[in-house]
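Shared between the two complexes below is chain A, which pairs with chain B and chain C, respectively.
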Partner chain A sequence: MLSVALSKGKMFDDSVQLLRRAGLLHRELVAESRQLAVEDGPFRFILARARDVPTYVEYGAAQLGMVGKDVLLESPDSGVAELLDLGFGYCRFVLAGPPQARGWEARSGKLRVATKFPRMTEEFLARRGKSAQIIVLHGSVELAPALGLADLIVDLVSTGRTLRENGLVELESLAEATARLVANPVSFRLRAREVATAVAALRTALGREGDGR
Partner chain B sequence: MLSVALSKGKMFDDSVQLLRRAGLLHRELVAESRQLAVEDGPFRFILARARDVPTYVEYGAAQLGMVGKDVLLESPDSGVAELLDLGFGYCRFVLAGPPQARGWEARSGKLRVATKFPRMTEEFLARRGKSAQIIVLHGSVELAPALGLADLIVDLVSTGRTLRENGLVELESLAEATARLVANPVSFRLRAREVATAVAALRTALGREGDGR
Partner chain C sequence: MNGLLPEGVRDFLFADTERRRSAEERLGYLFRRWGYRRVQVPSFEYLDTFRAAAEEEELIKFIDDRGRILALRPDMTPPLGRLAAGELAGEPRPLRLGYAGQVFRFHGPRRELRQVGVELVDYRGPAADAEVLALAVESLREVGCLDFRLGVGHLGFLAGIFAELSLAQPARRQILERLSRRDFVALEGLVAELAPGGHAGELLRELSVRQDREALRRLEGGLTQPAARQALEELQATFDLLEAYGAAEHCHLDLSLVRDFSYYTGLVFEGYLPGLGRPVLGGGRYDGLLAAFGQDWPAVGFALDLEEAVAAGEGGGGPALDYLLLPESQTVREAIVQAGELRRQGWSVEVAPAGLEPEAADRLARARGAARAVRVHDGVSPC
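For the complex of A and B:
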């Protein structure tokens, strides 16, 4: 049996649709279900938090996984192999702040930046040669400037609506991300045929036969 | 205005009831609301993820906070002062595994332990002189043994129902936790009167006038 870890987050519906189109999934999968491991023919689907998908794949509890590039960028040492860009789940990492934060690079004094993504934030600030205090939050980062917790935020946006609703403007775009198919490098070799068959079916469903991605 | 950060998690209802009993809260507070900062008289209540409460307090965006001791134990360097044990929100950190994991300490070979609490887990294993690979997960830790991801888990339990439903048994109890009132040490001095008045009201509502806690 081949185990596939799926992110229960915003890209769940697109992942399920792709698996159906590829003929790999026939049963019902519900993200809010209490049943978090579902067997279907030769596959077992594991419904996981987005950030846990690389962990399941890294430790071999899943041979394949579908997860956003944003998650992979924030935990680059997970040791999973990226096989395919799945196209859906587009989002961007942005630096944002209140309108008066424009020109932030010229400001003197220590900046505070709130984010769920300390690694991306640190890397970005280092590239710019700016030092700042990074404040790690786990939710509602967009509130941090209004609550006096931070001057700026680094967050993921898709439409930008959350920024606008909180009176924030985008200052910089750091990186773009889409969903990826990832594999455990060992099972990619040891169970090559099974993995290759599944990957080929997904590639066909994406309309990308033979394009080498 | 005094800001109070509240955890939106399982202790939210008890926190709100205590604030009402203490006469500090008169407005409606709903954990699922999109409005995450609510002003009420001389107070502003910030509805935050449990793990973010110490952060709001540490950086002075809130002068007071209500949060589980479990969160404080996992991030002991947050630099907040613990003022009161609020009594509610009881839970325990436990080591658990499938029934055949009994006698785990005698097992040879490297153990894998899955948890959301790497610091507590590491400390516990060090006390026992055991080495293990700690696998950090962000959700559904109780599935890890059945999915072949880990031999054991360290997790928070209140009734133990989730363990039973997943065929796991408790092997060790690591620590107990209840909700705490925490304060920013600086505002505790600079805004001593406001903070002391609020703390006294909470202490009275807890029936603990003058017991020195």
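For the complex of A and C:
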């Protein structure tokens, strides 16, 4: 039995559809269900919070997982193997601020940057050689500049609408992210055949050549 | 004082300590039977000793009374290399060293671990590689692990592919770095970008495909570059010898395996246990490391994570039974003779009822915690 951890939330429907197209999932799977583990043929599907998926896979509670690259970038030490780009769930990390924040790099004085993604933010600022105070929020990051809480924000956007509605403009694109198939580094070697079969089915469903990985 | 422990360290109480001690003792005897002599090295040394082997930020560092920087050892190989190339430089070689000791990490969920392992110094080629791999297999059996697998790769193969594609140094590093992180998505993107052609390019794209020994023979055919061919020939020869050791069934080819590539130069391997998210054992060939200590000697070794291996081993600190012999009805006499021979050598042996079905034999081997279950056919000896 292979356990597959699926992210509830925005990627859930796409994950389920892909699994169906690949012929790996036949049973009903509902994100709001109270049943958090569903067995289907040789698989057990585990419904988890997106941020917990790398942890499940890292500790081997699930052998495979489907999760956004954005989540993986925030937990880079999890050591999971990334096997496939699933294509859906596209989003970008951007640095944004009010229009007058253009030319932020030239500004003197210490910047305050609000974000839900302290690691990404810290790494980006270090690359630019800017020191800043990072303010960690858990939601509504777009409000921070208007409230005087921060000068800039680092956030995930898919269309950019939320930014515009809050009077913010994109200053830089830090990274792009799509959904990934991840595997426990030991399982994908110890149970190579089962994992390879699942990966080949997903590849075919994604319309890429089945190279058998 | 709050009596709490810092993150990443733990106490071991009675039963755990006893199992670790007994497992370590068994491994010590095992190494001795294979001609490896035990040494002990200090827990901390000058930072310089570790420079070739570890990133500085991964080390726990402190300063002595004369202002020199010291570090707790992150891994046993650099101190053993220092010892082999210095103090022990006059010993006859190949030199076989065994050790057990704590290693320390600055980060992570486990910051102090106990490693047990060996180094085989100034010995090159498949005979040396197979000996160390076989001893790794034997070590996992010795601590009672039954269901395990070793992934075996070769950095010389990748170096050959890189040379065949005339890849520049930065591209090589990027590929190794992605393999080390097991990020095959990024690898695929990078390879698409570099767009290498020909057979070598194809191999690079297919690196993460699981490979068996037939694949090895197939790969060999299409390669023109001597380094990659030589690596594959070495692996082939190593696997042949592993069969003689009775260790081949546990060893699986995996050319995408690079480990932390900082000092490995050839063979690399990792041991996996079901239900454990990290490798329980790791090793490889490091032909450049001893040069840092003044001797240009090739070497190969492995280290086993004692705590994880013992936790996974069934039957406590060692296998409850070394051999379960499974005779056919016409080989009962032979089984008895072989059991006697094995017992004289110090092994514990049980002879199963004749003619057990494979499933029943499996069940019995598990129930007994037997390290090896051996079918006794006409004229085939398990010894």
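Just so we're on the same page, the second predicted complex is superposed on the first by the 209 of 213 C-alpha atoms of A that agree within 3 Å, B and C clash if a C-alpha of one lies under 4 Å from a C-alpha of the other, contacts with A are read in each partner's own complex, and residues count from 1 in each chain.
Here, a contact is a pair of C-beta atoms (placed from the backbone, for glycine too) under 8 Å apart; a residue touches a chain by one contact, two chains touch by 3 or more.
The shown structure was predicted, so the numbers you read here are calculated from the model rather than taken from an experiment.
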*Can A:A200 be said to touch chain B (first), chain C (second), both, or neither?*
neither
_Which of chain B and chain C A:R189 touches, first, second, both or neither_ = second
*Scan A:Y59 for contacts with chain B and chain C and give back first, second, both or neither.*
both
*Is A:A126 contacted by the first partner chain B, the second partner chain C, both or neither?*
neither
*Could you tell me if A:E82 is touching chain B, chain C, both of them or neither one (first, second, both, neither)?*
second
*Scan A:M1 for contacts with chain B and chain C and give back first, second, both or neither.*
neither
_Looking at A:L36 after the superposition, I want to know if it touches chain B, chain C, both of them or none. Which is it: first, second, both, neither?_
first
_Taking the stated contact definition, name every residue in chain A that is touched by chain B in one complex and by chain C in the other, in rising order._
59-60
*Residues of chain A touching chain C in their complex?*
58-60, 77, 79-85, 180, 184-186, 188-190, 192-193, 196, 211-213
*For chain B, which residues are in contact with chain A within the complex?*
3, 36-37, 46, 48-49, 51-52, 55-56, 59-61, 112, 135-140, 143-144, 146-149
*Can you check the complex and tell me which residues of chain C touch chain A?*
107-108, 149, 151, 181-186, 188, 205-206, 208-210, 252, 254, 270, 272-279
